[in-house]
Amino acid sequence: MSNHYFQLLRERFPESILEGKVHSPKRVYLTVKKESLVEVAKFVFRVMDARFSTASAVDCLDRIEILYHFSLDSQDVFISLRVVIPRERPAVPSLSGVIKGAAWIEREMHELFGVNFEGHPRLNRLLLPEDWPENVYPLRKDNQDKDIGKG
Amino acid sequence: MIFLLWLLVSLVVFFGLGIITGWLERKLTARLQWRVGPPWWQNLADFVKLLGKEVVVPETATSFFSLAPVIGLAAVTTAGAMILLAAFQPGSSVDLIVLIYILVLPSLSLILAGASSGNPLASVGVARELKLMLGYELPFILALLVPVVKAGTTNLGVLFRLQLAQGMTVGSISGLLAFGVALLTIQGKIGGVPFDVSEAETEIASGLLIEYSGLLLGIFKLTRWMLTAVAVFFLVFYFWAGLSRVPSAIGKYLLIVILLVLIKNTNPRLRIDQAMKFFWGWLTGISVTAILFAYLGW
Amino acid sequence: MNLLTKALTKSLWVFHLSTGSCNNCDIEILDCLTPRYDVERFGIVLAGSIKHADVLLVTGIGTRKNAKRIQKLYQQMPKPGFVVAIGACSCSGGIFRDGYPMAGPISSLIPVDVWIPGCPPKPEAIIAGLVSLLGKLK
Amino acid sequence: MKKLLVDYEICHRCPKCVVSCSYFFHPGNNGLTALREEIAYSLICRRCENHPCVQACPNGALKEQEGTVRRSPLLCVSCKSCSLACPFGTILPELLPYLKDRCDLCRESRLEDKQRFVCVNTCPYGALRLVEEEEIKEMKNLQLVNNTLVVKAVDWLALYGVKKL
Amino acid sequence: MEKKKKVVVPIGPYHPLLEEPEYFALYCDGEMVVDVEWEAGYNHRGIEKLCESKSWDQVTFLVERICGICSTSHPIAYVNAVEDLAKVEIPERARYIRSIIGELERIHSHLLWVGLAGHFLGYNTVFMWAWKYREPVLDIFELVTGNRQSYAMMKIGGVRRDVRDEDIPVIRKVLDELKPKLEMLTQAVLDDPVLAARLKGVGVLTAQDVKDYGAVGPTARASGVKIDVRKDSPCAAYDLVAWQVITCQEGDVFAKAVVRLLECFESIKIIEQCLDNLGKNKGPIEVEVREIPPGEGIGHYEAPRGEVFHYVRSDGTNRPVRHKIRAPSFVNIPTFRASCLGQTISDVAIILAGVDPCYCCTERMLTVYQADNRRKIMDGREVIRLCQEKTEKLREKMRKR
């Protein structure tokens, strides 16, 4: 099943999809160019009518990966769009214009990973305790101390 | 002087009665909810404990903060004294209208308390309690008018005693209707579910009393219990010929308390607008009908 | 034991404060109020406002975001007032001990009178803990 | 291509491995522990017939695979029973951490060259070295563990002063 | 209308309605809610970070403690994710046991919700009754798993404990006794005119809102969106037994209550069928998983409140490299923006409760609504902006107090 969607998206966006991996009949991972993320996500969300489940960021030291997980509930397939961005000044276009529900998770990633979501309506940090220092992102791999951010 | 004595009697009687009634309410509620419930001296223990606690006065509070509970307690005691006087001193001239006025005071003292504590949650409580008061006072007064129409007097003592000769007021259709309305409005007065919007623990965190602690809170709690006792006591005498025989009066008292608890436990809290609709629509309608019936002599 | 203390032991009003817990402890506290356990038998009721409370039941690790509020609430509680730490989290940090949002354990923020360990403690354990608080009062 | 050389003559006497490691997914990771474990199973283990180590493990975490013993990190609870059971001292207790360390031999080109192989630079006893293929041919007592890892085995005879025949 | 004064009613962080710390600020115009703002983080425990320092097996216990109510849903989703990563098939008996535990949890959770909803409405009798009926379910848990909450039943590759044959009749008996009580409760809720007045047409969420916010679980199903992970992506034994997805069309709080109550019956049905099959199927309860290969996996499961989502990444050691958890409330809570505005304060309580929000799981993550941006969203009128600045100041003041 996932193969089918893999082919479909590949044909629809030959330029934007850099790489793809069919993990199992139910899971497919596609690496998408940062510039085309919104376009592809819009297609998956609106045209393919997938449900936006969530997004997750992973710190890989030389890069940050962000995965947007879309679920095609009736087909039991997860399509995960992966965007790879540099670790210094990471930034991606925000999906919150297309998917209202994405606003929250983007704020979370902004706070925990320091990713900048361009075009996000309210990306203000707040949440970690008030005295949390700027530019310390707890879920980055270099912050391992349990006392991080304690000043 | 005599009245002062009665005040003292009232304080003692209704203190005891209030504690017991308060406990009864809790115990019955617990039984309805398949729980065991607290022992009989529970409310007394609560009160005594509160006496020993520190009183925290918030910085934002005004001077009415400590005055409000006293006003409430005084009002309830006075109301109790008037009812006792009317019931047990033949020839006393206690007027129903005055009593009605005094019975408004405990609610007012709550509002005063909420407004003076300077807490935003309390201020919502104030708004609600005010609206609620407007709601229940009208049908309450109308319902009380039914026996007045029948007897043609507002002298409480006469109203109480008249029933001994004519049979109790609830015996007639108009009286029964009026009694029902009075019961429900009393529920509003003592702030029981479904009309506990102003205290609504889960909505606005105990609302009006949120800032109170220690002795002051204790007085409020006590006032609330005493008010219940006074109100129920009043209902027994006013509608149900409480003067006739002591055992049956006690039975009636218990019955009314049970009724109140039942209402409380089988209904969810109403929204304030729903409560208003209920008071001004249904209850007012019913009480007006009752007055009409009373004119017709039913 | 004087009358006031005696009344206090018979009428504990508790305020429930969750400071970064997993809910379990909180549910078990609520469970104590329900028919099977019914702590109202002992005069224990849940208070709606800290100003009304005699006992502060704390669950959870005490997150850094919460730390100041916990202390403030403790100060607002009219004295005499007591603190009961419920669950492994509030006693020691439990499974979340090594997390970065941890400010607790609770005893490092406010004085604790009774510890009730467990993850979550069963309602019986909570009741036993409250009883031991009563014992302490006497 | 360069290979990592572990000089076991030095390592086997070392009280506690203190090298740093550039493996990043698990900070505090000491990749060398994993390497030493691998070395132990592939080079030092005597491959006993009935595997006392395997028998001793209460969780079935050890298993013989392709001639060597392998420890399943998911099952091992780090109780060190195997270490006690092994008659040859193959499995040193410190090689059995509960949270497994990992060395990918800096294979992923994830870092600038100067940050790679920090283990080599941080071993205070100089037990680690990067060697070229040619060098390997010239050295004695060398064992290849895999494509990128070579071990200079302990010269026991020299150690105990026994002359070679 | 311009200079209408707005009152901020803070709910929380310590508010009896919310058993957990949370800060909601309702911007009110009289009794009318004109804006909702909420701030989280009081409960943030950094679980995703902690996961990276625990072994795969330990993480099951940690995710169990994300929240005590969905305390088996998170582990199920997590083991699903790891099994997806490692491509492990679990034995059939384990699948039945997983479903039994999952559905028992659903029953206890829904009953808990009914009780709390009653409590919020001032209907304390309902609270007491629902919780009384919930007790026997917890007894089953204690019998089968040894604990009332946090069952520690899930394990990568199967389940940790078997259900003993002698326990099966006990479970059946409890369920049989539960059924009439549930029916009574359902009837009581459906027939009560006051409840209907309080709940019907209140806090309506449309199917479009559901799609926009990605809402899940009963919150979505009450709005006519038929999604249920158990049906759509059957794990455990959900494709081996017969049951139905419950949906309602109205999207109001009443519909949410109905969905939850009816789901309890489906859960009982599932458990009974699973118990039948347990009797017949005597296989092993787990397969041995020796290693987790490098890779990534996604697992999800229908918790009582909706889909929980777990993403794990492995590098081949015995601890995850990254573990992302998305709990149902995280996507359900934002729907408040759609369902609360224009309602009265006293309804907000029950609307919030209607979603069955739990902050524990959501809170692991950090989310805040800041007033600054909200202002623009609201309507952009300068006057209101000024008004809100005033309220904001008031709020600051209250915070400091």
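We just call them A, B, C, D and E in the order they show up, numbering each chain from 1.
In this text, a residue touches a chain if its C-beta (ideal position, glycine included) is under 8 Å from a C-beta of that chain, and two chains touch if they have at least 3 such contacts.
Computed from a predicted structure; not experimentally measured.
The chains in contact with chain B as well as with chain E are C. Counting hops only between chains that touch, chain C reaches chain D in a minimum of 2.
Common neighbours of chain B and chain D (chains touching each): E. The central chain of the assembly on a C-alpha centroid basis is E. For the pairs A-D and A-E, the larger set of C-beta contacts lies at A-E. Rounded to whole angstrom, the centroid-to-centroid distance between chain B and chain C, based on C-alpha atoms, equals 35 Å.
Note on chain placement: the centre of chain A and the centre of chain B lie 61 Å apart, centres being C-alpha means.
Taking the mean of the C-alpha atoms as each chain's centre, chain A and chain C sit 41 Å apart.
Distance between chain D and chain E, defined via averaged C-alpha coordinates, is recorded as 47 Å.
In chain C, 34-35, 48, 63, 65, 98-102 are the positions where the chain touches two or more neighbouring chains simultaneously.
Shared interface positions of chain E, i.e. residues touching 2 or more other chains, are given as 16, 41, 44, 46, 49, 53, 128, 132, 321.
Residue positions of chain A touching 2 or more other chains: 127-129, 138.
Interface residues of chain A facing chain E in the complex, by the touch rule stated above, are 23-24, 26-27, 29, 51-54, 56, 58-59, 67, 69, 71, 73-74, 76, 78, 80, 99-101, 103-105, 107-108, 111-112, 121-122, 124, 126-129, 138-139.
Residue ranges of chain E in contact with chain A, taken from their complex: 39-41, 44, 46, 48-49, 84, 87, 211-215, 227, 229, 232-233, 295-298, 300, 307, 309, 311, 313, 321-322, 324, 326, 330-331, 334, 365-370, 372-374, 376-377. Across the interface of their complex, chain E is touched by residues 25-26, 60-61, 63, 72-75, 98-102 of chain D.
Residue ranges of chain E in contact with chain D, taken from their complex: 52-57, 156, 288-292, 315-319, 321. Note for the complex: chain B touches chain C at residues 26, 30, 33-39, 41-42, 44-49, 51-56, 201, 205-206, 209-214, 217.
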